[in-house]
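Next up is a structure, given as structure tokens.
Residue numbering begins at 1 within each chain, and the chains themselves are lettered A, B and C in the order written.
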Amino acid sequence: MNNIFFEKKKKFILLKEIFNICNQNYSENHNKKIFGVNNLIDANNREISFLNKAKYINDAKYSKALVCIVSEKFKKYLSDKTIPVISKHPDIDFFKVVNLFYTNAHVDREVFSYVKIINKLKKKISIGKNTLISKTAEIGNNVSIGNNVIIYPYVKIGNGSIIGSNVIISNAFIGDNVVIKSGTLIGQIGFGFKYFDKKRFSFPHIGKVVIENNCQIGSLCTIDRGTLSDTIVGEFTTIDNQVQIAHNVKIGNYCIIASQVGIAGSTVIGNNVMIAGQAGISDNLKIGNNVKIGGKSGVVSDIEDNKIVMGYPAKSFREFVRQSKK
Amino acid sequence: MNNIFFEKKKKFILLKEIFNICNQNYSENHNKKIFGVNNLIDANNREISFLNKAKYINDAKYSKALVCIVSEKFKKYLSDKTIPVISKHPDIDFFKVVNLFYTNAHVDREVFSYVKIINKLKKKISIGKNTLISKTAEIGNNVSIGNNVIIYPYVKIGNGSIIGSNVIISNAFIGDNVVIKSGTLIGQIGFGFKYFDKKRFSFPHIGKVVIENNCQIGSLCTIDRGTLSDTIVGEFTTIDNQVQIAHNVKIGNYCIIASQVGIAGSTVIGNNVMIAGQAGISDNLKIGNNVKIGGKSGVVSDIEDNKIVMGYPAKSFREFVRQSKK
Amino acid sequence: MNNIFFEKKKKFILLKEIFNICNQNYSENHNKKIFGVNNLIDANNREISFLNKAKYINDAKYSKALVCIVSEKFKKYLSDKTIPVISKHPDIDFFKVVNLFYTNAHVDREVFSYVKIINKLKKKISIGKNTLISKTAEIGNNVSIGNNVIIYPYVKIGNGSIIGSNVIISNAFIGDNVVIKSGTLIGQIGFGFKYFDKKRFSFPHIGKVVIENNCQIGSLCTIDRGTLSDTIVGEFTTIDNQVQIAHNVKIGNYCIIASQVGIAGSTVIGNNVMIAGQAGISDNLKIGNNVKIGGKSGVVSDIEDNKIVMGYPAKSFREFVRQSKK
């Protein structure tokens, strides 16, 4: 996985280091070089991944990963091309590997030695008071940025975009003609961790946030960056105030998401989806195209294209009305 | 509609311009002058409005509007005093007319050339660090304002009011003895738009927010300004943290609104209404006086005075308990 | 109740002042000195408290309070050691007494004469731009603080803690190795008031917030300080974005609280409790250890240890599934 937001501390690590982390003996291949970390789907044949849940078995079968940290019982599902390293806690051991490559991806330290205030307005950019923009951030033409905004290193903001006040953007690519209203936070670390041995292991978040062209994001929203893939908001999607979008969520184009909606981690949402106010969508779901989700609904399972759902747990609109009348 | 927050770019436009926008031929009256835009109820006999939904038919009958952009099928409901201009998309064409009068009412560009820092504390005003107050804002006596606050042009804040830190206020009149806690955003553009021809048409928001005397607003709330009328919070109403109040909502006096409540656009709420935590109220509803709405309820229809409702969809408290026991 | 956050304006008040506030005649003891205010449980034998609700009768029986402002019908429940002062409105009259001791505990005025910017970085503290830290705040070693942060007088932050940007902390003790993400507000006054005689009586909030070691708090959360006791988040508890925690709430250790959850006033939550996204918990409840609360649930009654609940009103998981299938 390539990532301009995190400096890679090591070019590669050796397979034997993985065996050591997982407390396993090793007999062969131990000097093989591993050049990066990734999820099973996106890993190339120089990268390492992990497998600890049944729902990722299919990803494992087709993965090109060179190495996979895997629990004993899932080992048999790995592709022939992938070297298994057995672990009792594949996720925890994988996080340790990620931390070898990227030392700060599990915690956001808002240290500012690298931040510079842009002194000259060029390219018709207007910038409010007290706004901090990293010298490595790229700001397009005709961009308008409010007050007290913080834009971290390597963030890109496309042409014609409008950023409100009190906005914080890190680890994100913002497209052209995007509007981000005041008080919204984009690209922070997500809610990913595990208690283990009475300690907290925080998931490294080396993904980013991609806000595509012509999106509008409301005020006081939180859009967390991805762990091993990106959080994406598709073109022309419009989001109201106080919406929470967790890590790795992918939202399609032309979606309408009303106020106080929450979308949990890794859920994928199609195009032209309407989500009414205060609805919540559980993690790891797939919501089809043209779906309409009623206000305050709680979605806990996948939804096919073109469905209208409502209630908690969300069911078809017809069924919701029937039950409500009983 | 008079509005000190937006400079009117044109004193008037001619009726023939409306016909052109709506792609209609015109035969008479085409040089009549139109001096402003408004909703059907409030329009005077020099202003233009629009009609595109059945629920506004009654408003149309009694409207004094000089001109109304209207779909073919609703034309018959207009008053004799109103000149109809037929349109396939009355709302979109009306927005174009609004944009002729007010060029920036559909997008908040936080540009700050007009902002000045008040250097002297007069009238016993106390102001925190890094706070920006427009030179055209009016601040009453004994007002206390926190840090990092932004107060935009023409905003009025009454005597004795207390504003927390990180608050942003635009397009708003704040009464006397009002408390607004930290991080709250008042007067921003609301969630009003329409996809049309694969583009987004954003509703112009030329209304304002009125927070009446003795209100208290919690932290991290969003109260959006109105489109063609005002968003109003009545006297002595008390609002908790993380509450969302959409454009054009009118809330009465002595209401209690607990944390994380959301009220959708144009809903009208009476006096002495209690709304418990995380409840949601759909758009365009009428909630009577002395109504009590249980925590987490989803209100999707009007509620008469003095009712107690609960659940989703919200029903009488008695019915909610009966169903919950089944 | 000792409190470093509020200067006590009087060392003591005389019992006759209490009788006067409550509009009662007095015959004896009227020169007894009262040295402080407290809730019934924590009051010592030099302090005054109040009793106005049946649910606090048991607290009253065992209270050591010297004086208690009490409604006529509850007088008989007071301990022999406690002097009763009858009142028609014990809470309102008690607030008046609190205000004699602490004049500003019912309103947060963000006045900044006492704030100083720390110029030198000592103890390996890193601090962002435009951050205001009171000269009486105590900041531990290796602390990292973001931009636009405001830290009020007497706040303590332990070693190794990481504070994001746009965070406001007042009336709070933050432990070691705590993470508080950007935009979160800790220690503000809670939603406590009563309309009386057409005016609002705001509850004095002389409690604080305690965030214990190793906690993580998400972005844009609000954690209000206590009224007469503290709001507490226990060790290693992890909280996601946009969570609201009201005054006097006590949360145990190793809890997991997902996004957009709301917990109402004075509720007590055990250890190892999991609360999924958008759930709400009513006020004054007791949630046991190891409880799991499903996403979007509305909890309106106490929950015993080890239960799994879901729905609104929240019921056992089994019952929720049964009802959902009907």
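Everything below uses one rule, namely that contacts are C-beta pairs under 8 Å (C-beta built on N, C-alpha and C of every residue); 3 or more make two chains touch, one makes a residue touch a chain.
None of these values were measured; they are calculated from a predicted model.
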item	value
Angle of the C-alpha superposing rotation, chain A to chain C, to the nearest 5 degrees	120
Self-contact between copies chain A and chain B, residue sets same or different by half	different
Centroid spacing, where centroids are CA-atom means, of chain A and chain B in whole angstrom	34
Residues within chain A bordering two or more other chains	130, 148, 166, 183, 220, 242, 260, 278, 312
Chain B to chain A touching residues, read off their complex	107-112, 115, 130, 132, 148, 150, 166, 168, 183, 185, 188-189, 191, 193, 195, 198-200, 202, 220, 222, 224, 242, 244, 246, 260, 262, 264, 278, 280, 282, 298, 300, 312-313, 323
Chain B partner contacts - residues on chain A that touch it in the complex	126, 128-130, 144-148, 162-166, 179, 181-183, 214, 216, 218-220, 236, 238, 240-242, 254, 258-260, 277-278, 295-296, 311-312, 324, 326
